[in-house]
Amino acid sequence: MTGLFYGAAGVAVLAAALVITRRSYMHALVFLVLFFLAIGTLLFSLGAPFAAALQVMVYAGAIMVLFVFSILLLRLPAGAWRLRRWTADLGWALPVLFVGLLAGVVAVALLGGRTPPEAPAVAAVVPAREVGLALFGRYLLGVELASLLLLAGLAAAFHFGERLSDAPPAGPSAPSASPAASPRQTAGTDGRR
Amino acid sequence: MKALLLALPLLPALGFVVLALFGGSLSRRAVAALGCGVVAGAALLWTVLAVGYGVAPPPGEALRANLALWLAVGGVQAAFSFTLDPLSLVLSGVVTLVGFFIHLHAAETMRSEAGYSRFFAYFNLFITCMLVLVLADNLLLLFLGWEGVGLCSYLLIGFWYEKNENGRAATKAFLVTRLGDVGLLVGMLWLFAVCGTLDIAALNQVAPESLTAGTATMIALLIFLGAAGKSAQLPFQVWLPDAMAGPSPVSALIHAATMVTAGVYLLARLHPLFLLAPEVLGLVALLGGAGALLAALAAAAQRDLKRVLAYSTVSQLGLMFVALGVGAWRAAIFHLVVHAFFKALLFLAAGVVSDSLHHELNLLRMGGLRRRLPAAHLSFLAGAASLTALPLITAGFYSKDAILWGIWASSQGGLLLLGLALATSLITGWYSFRAYGLVFLGPAQREPHDEHDGVPVRLSLTVLSLGALASGLLSLPHLFGGSQWLETFLGRLLPGLPASSGALPSLTAEAAVTVGASLVALLGAGLGWWRYRAGRPATPPLSGLGEQLRRVLESGWGFDWVYARLFVRPFWGTARRLQPDPVEQGGDLAARLSLATARVVTSPETGGLRLLLLGLLIGALLGVSILLGR
Amino acid sequence: MSLAQLLPLAPLLLLAAAPVVTLLASAFSRSPRVVFAATLGLLAATLATLPLSLTALPMDVTSLLRLDGFGLFLLALLGLGGLVVACLADDTWQRRPTARADRFYPLLLFALAGMGVAVLAADFASFFLGLETLTVSLYGLLGFTRHRQAALEGGLKYLVLAAASTAFLLFGLALLYAAAGTLQLAELGPRLLAVGGGTGLDPQVGLGLGLILVAFGFKLALVPFHLIFPELYQSAPPPVAALLAAGSKGAIFAALARFLALSGLTAVPSVVTWLAFFAALTMTVGNLAALRQGSLRRLLAYSSVAHVGYLLLALLALPQGGLAALLGYLAIYGATVLVLFGGIGLLAADGQEADRIDELTGLAQTRPLLAGLLALALLSLTGVPLTAGFVAKLLLFTAAFDAGHHWLVGLAAANSVLSAFYYLRVVIVLYRPGPPARTTWPRASRLAVATLVLLGAFLLLGGLLPDPLVQLVRVASQGLGGAP
Amino acid sequence: MAAVTTEHVLALALALFVLGLLGILVRRDLIFVLMSLEIMLNSAVLAFAAAGARWHQADGQVWILFILVVAAAEVSVGLPLLLRLNRLTGTLDAAALNSQRAGLSPPPEEPT
Amino acid sequence: MLTLLLLVPAAGGLAAWLVGRRAADAPRKLALLTLLVQLGLLLLVGQEPARFGTESPLLEQQHPWIPSLGISYHLALDGLGLVLLSLTVFLALAAVLTAWREIREREGGFYGLLLLLVCGLTGVFLAVDLVLFYLFWEVMLLPKFFLLRYWGGPGRVRAAWRFLLYTFGGGLVLLLAILGLHLAVRQTTGVATFDLPALLPAAPGGELGLVLFAGFFLGFAVKLPVFPLHGWLADAHAEAPLASVVLGGAMLKAGGFGLIRFALPLFPAAALHLQPLVLGLGVATILYGGLLACAATDLRRIAAYASLAGMGFVLLGIGAGNELGLQGAVVGMVAHGLIAGALFALWVVLRAQTGTLALDGLGGLWHRAPRLSGFTLFFALAALGLPGLAGFVGEFLVLLGTFRVSPAAAALAVGGLVISAVFALRLVQRTVHGPLRVTRPVTDLAWPERVVLGLFALLLLLFGLHPQPLLDASQAPLAQVARTLAAGEPQPPVEDHPEVAP
């Protein structure tokens, strides 16, 4: 198990690093899948088989598909699949500096903790049964809420997703219908300064 | 009696109110009748009161009458109540009688002026305030009159308000006296804080017990400041010469006869307090003497007739202060009375002269008016003689003699003071007859138009001339077989001289002083007459040092120059520099700072997504650091 | 769970069922007004069933939810606020034709339901789910006018930031869970303190807490997490902005207050420092930034940032006076904000957003009632006596003063002076004499106007006779340890 | 090889979290930003797994379920939103999302 | 009865605002009527059987308002309040009459706000509950702000904001101090109250008392105003519609009133401890105000700084804290209210006649308008503290009171009298005296103006020569304050207050 863990850990880190540095959407997606699978493996190695299965199904299955469809739906002109540069300017330097700072602080805190390391992480497997009992016991309401959440997401997604080319509603002051129109100033910010 | 006493100041007040409210719609004749009438009434009232007082002196020598409560709170009690005692009787007599004749005079000489009713309104108000001042039985009421006369002085100096110089002179007069009043007011506060009362009689009674020597000295000094301001004494004398910007009757009434003597009155009124502070009395005498001499010298160098008289007033008041300082209280008051007559006379005569010369006051452009202005000539001569104290025939001789004798005989006196007084006397004679000669003798320089010759002017000049010459009879000294009636009468209130030896004054010594003083006066007068007997002498103008000295003297020893640099300019400099208000600007600074900071904190408004995420990151960093910091 | 438990839970159940019902309704009838009517009915039903819960207080519904006075009060506020927002939205969609306006109401109800769960949550799990329901619906609401680029942009930016903050929250929660072994609010605090050994926070706990508070900070728009909010207020439809300012912040504040009150973490110095630091920073920066705004919505956005800064004072005064002050402030501030955004919404139409303050010049001449309401709300925000805003400030300052945070209260007072400047500037513009900047305004629905008038009346009444309100919030806060 | 400790797992999660954070900060393309967000959420998944394992409770896995739900919801809303915006503006550049910049206008009057 | 005093101006203001839309000249008539009614009410109150001289209030009214916070609707009118209320109503009447010709636009709003301001002032003078007091304090502030902002002169924007930010800030400091006091008392006695009589015996001393006193002092000092906090004053006077400044004279008095009514009795020990500071500020205010008035070139600013100097005397009297000083402060407040009111009423006329209020454009008015000039002279004299006019009585009593505590402060303040003479005479010299510089045809005062100004003059003269009614009316409350201060700790009133229930 330990070997599995460290191996998967390496893969996960590597895959994540690759995802955020790719220039092609598709390459990135491939590494994202790899990342999700690695996480699934890690979950398995940490004694959470139920979670691992979910991970593989939901992430590597469903969410990935969403990404793929979206990229396809972008109707990118040929050749735009690859970005010319993966980041366009040097504006990221400052953020990276701060990320570094934060990471440093966090790492110090994490490793300086007084939580005794005597309990090994992989104590034992928590089987799916137990998880199921929790889900339909203590967390029953939580599950209901999760479904509510999904429904809300669905409603929102549906609102944005339906008929991509829907014409703006008819009205006395409806904006121009052309989606290619230059980014209009929204009303109210009429540019008078 | 009490009702009459109350009516005494109220009558002129009535005149003021009527004139102030309806003066504009009254005819000049009615205005004059009203303005003079109320003062005449006051004079009559005074006469009745005086007779009554003489016939049946009230118990305790003081008749008190209460008009109304002014304020009573937390131990302070002040009422509109008046006291008639020998001192206030004499003073109010001077105010009403001399005041009446000056009113009368002004009724004619001011007739052609615009603002005739305004003039009489102010004049009546002045008489009211002056009467309140001398009759007041508590210090607060006295202060009311004190400031009131100052106000009238201000208004009347600036009577011809179109000219800015007049306004400036008026303001100067008011402010300089007000500086002195700071002393008076603080002195009053201190007195109240220590003695717990503002009633003059009570104060005079409790002062010796409740004041320590140091406190008494300080309070006396402060009050002397007030008196010096009002009476144009060193170092406050600068305002009086400028105050001549007002009409001549004003100078006569306010700046010669009455208001300027208020300081003398105040010191006499509070003599028990001053007796507790011999050092202050010494200072009073010294400053008075020095002021007298300096002012006399300055008077000798003036080219403006009225300024000569103004410096002369400062000088004569100085003599009175010397008298006060040495403890010759009665002599000071005696001289005050006599001075009121002759100085009013001089001013009125000067007014007649200047009126006939189109308001010309420059001595060097006058001359030879003896024949054209006979009334003015005779009056001026009488006044000048009295001022010079020509022996025997003038009242001034007797009153000044009393002062000199006081200086000689008092334990507080001394040779220095005597010397100052005699020197003053000498120069007084010189400048009096210099002025007389320049105006009336010699060849005529300009053709005057006709003298005022109405009854009012004639009457007032005549009466005042009589007063200037004969009022000495009021207190003829023993040497001349007199009874010193006035001084005796005042003696009911004011103490006598602090005698040096305790022995009675010997007639020989008295005679010696008298003779000496007479000689000095005669010498000065003679020299003056001799030099200016034919008008302006034909000597070449002074040059170099002499001219400079003359200029210094003419400017009144350059006090104005010094004060301008010491006080006036720094004051205005500060006031202007505070404009615009730096504190206000400082307050705005906070607002500006806020807006500038606002500019900074709104600057990320235009960023994109990355900036927003950066905000998140920074927040996380801050928050985590704080929580880890324990 | 039994029937006895179910009955008191009725309001929440109704609230949770409402979006589903309206979603179905909108599937059958695309008329926004029908769905609107259904929404009104459901919300009214929710409010009507509230008394059912009163008898059973306090009550635990599994370990995830806890019904108590505090939560019930907030639930009532949510219901009322939802009604107002719905009425405003009805007016907005009548005048601003938008594709599928009927979908707005389910999303609104989802958001309300999420908030309802969050304020009742007794476990971080339920809080998290409620919060996410709210957030996800907000994505939809923020970008609801999907033909407008700005709205979509706003929604997307918010999504990225919110998701990132969610990640922070989750990571923090995981750390706390790793340290304490539970995420139930009531048990979490003592265990966390125990891990620290009584001397403060264990670094790992501190880290977890810090990361959680990042998410709270973002949702509450504390400085420097506030940067996106001015844009959102400007780009979102007015009712959504109102919901964002009055509702979501309030609900999250309440949840945070519950957590802090139950955990006893406010006794930890570093937590106090955190609250004080962000309170000071937030109110000052918010007010300063508002000084220079020419857009009314941005101004209100910064003002709401500042007000959150004030509200943090209430957390510092936990539990004694702080809870009551918090509830009172939330109720009054919520009403005020609804009036303001509602008022703007009534004036706005597509193409004429009535956003620049200048545009409102002389509004009192053309729309006196609306101008009066706006002015009243602005005065209330300033904290002028006789308006409810004064009572809110009084409660808050008293509580914080009592808790010993004198300097912060002083700073808040100084900030109030700053805020007076920009609030009253708008009032002045409203009543400026001379020709008004605009003479024609869109016609507003009577219902919406009536709603605003009612809110205005509340602001006035709350200032004149605030006693019932004060009593109510005191009673409501008792369950969590508030002073009687 | 020693047993895997909670610290190690958490450190790994942290590393992934930071990588995700870097991604959303550095990348300007919104698709990548969304992917990076997924990485961040997954790091939280891992952390919960570690915590659950430490206490040997099912709660960790329950939380992972919730996280998955949330991630799904976010993505399912985010991607359509992104698509619609892309149709309107033709860009996926995060830096271009600032049309509100023009909404800044000066305040009505400056008193001082 | 007391509520009626509040309701009448409020209702009148509302009505004036409402009718302003219909008829242009109705608001002023309505305002006049309202104030006359108010005056009538006050006279009725003043007729109360002679309860002056007792320490319990003349009229009192108490109802619970927000019992849960310890706030009650507690109004009480004592002699001091009566004096200042009467002043307020008189000045308001004068303001309406002066505005009669000055204000010609949006009269409904103007008079509405003016009456609201009167309502606020009335409340300030009546409220005994501290929160209620603060409430009226703010009600006083906003109408003035809007009057200034909408009806003011060219610099109104800056002036209005300065006024608002200063006074609102001061008010918040006051509020914080009130809260602090409330909490401190709650801690010691367990009673949550904002009611002054209940707070009096339990007000904290020591360092806390010092801090709270400083808070109260700051809050009131901004309003008074006191030397370094006076930044708003000049602009507010120079830019506001002059008619509203006539009433503004009464507003400054609220600061002095607050100090006497609240700050001193609550924290006598602290007041004694900080006495040198207060006296020093008083002296600084007198001198600074005087100096600024001397160099100002606009009549409005001269009058504004003159009232700053006058308020310095008030502060001095309050700082002295003995009966004389306090009485002097009260008379001074009345006197300066009248003087400032009169001057600004005069400026309205002057500006209408000459078109300017800058010294450079004026001069020699006596030629053309002797009555106008006479009044100018009279009020200038009142401003310089001429004995016989009301100003002097106040100043003299203050000085008497101060001298007992600090001779140096008194002496310096007397120096301020010289400065006041400088600016008053300069004012006279540059407007009514000197060569004629006004180019417009100037007519003298019309009858209504004569009546208004004449009333001011009459009152100044009356209180200068017979201030006893004022002194008697306010004697009892002031004496108690003075006693409290002398003892250094809160003193129970001589008569027992039924409402003092610990």
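A few notes on this one:
First chain written, first letter: the chains are A, B, C, D and E, and each begins at residue 1.
Throughout what follows, contacts are C-beta pairs under 8 Å (C-beta built on N, C-alpha and C of every residue); 3 or more make two chains touch, one makes a residue touch a chain.
In this text, all values refer to a predicted model and were calculated from it rather than measured experimentally.
Shared contact partners of chain D and chain E, listed by label: B, C.
Here the two chains linked by the largest count of contacting C-beta pairs are A-D. Comparing the CA-atom centres of all chains against that of chain B, the greatest distance is found for A.
Chain E has the C-alpha centroid lying closest to the overall centroid of all protein C-alpha atoms shown. Here the spacing of chain B and chain C, counted between their Cα centres, is 79 Å. Chain A and chain C have Cα centroids lying 28 Å from one another. Rounded to whole angstrom units, the spacing between the C-alpha centres of chain A and chain B is 99. Remark: chain C and chain D have CA centroids separated by 24 Å (rounded to whole angstrom). Within chain C, contacts with two or more other chains are made by residues 125, 129, 132, 136, 139-140, 143, 146-147, 149-150, 157, 160, 164, 175, 178, 203, 206-207, 234-235, 291-293, 295, 298, 355-356.
Contact with two or more other chains is made by residues 588, 591, 595, 605, 607, 609-610, 613-614, 617-618, 620, 624-625, 628 of chain B. Looking at chain A, one finds that residues 91-92, 95, 99, 102, 105-106, 109-110, 113, 115, 139, 142, 146, 149, 152-153, 156, 160, 183, 186, 188-189, 192 touch two or more other chains. Across the complex, chain B meets chain E through its residues 20, 24, 68-76, 80, 118, 140, 143-144, 146-148, 151, 154, 158, 161-164, 167-168, 170-171, 174-175, 178-179, 181-182, 185-186, 189-190, 192-193, 571-572, 574-576, 578-579, 581, 583-584, 586-588, 591. On the chain C side of its complex with chain A, the touching residues are 1, 16, 19-20, 23, 61-65, 96-100, 103, 106-107, 110-111, 113-114, 117, 125-126, 129-130, 132-133, 136-137, 139-140, 143-144, 146-151, 175, 178-179, 195, 197, 202-204, 206-207, 234-235, 295, 348-356. Interface residues of chain C, counted against chain D in their complex, comprise 125, 128-129, 132, 136, 139-140, 143, 146-147, 149-150, 152-157, 159-160, 163-164, 166-167, 170-171, 173-175, 177-178, 181-183, 231, 234-235, 291-295, 298, 355-358, 361, 422, 425, 429. Contact residues on chain E toward chain C in their complex (touch as defined above): 65-69, 105-106, 109, 131, 134-135, 138-139, 142, 145-146, 149-150, 161, 164-165, 168-169, 172-173, 175-176, 179-180, 182-183.
In the complex of the two chains, the chain B residues touching chain D come out as 588, 591-592, 595, 605-610, 613-614, 617.
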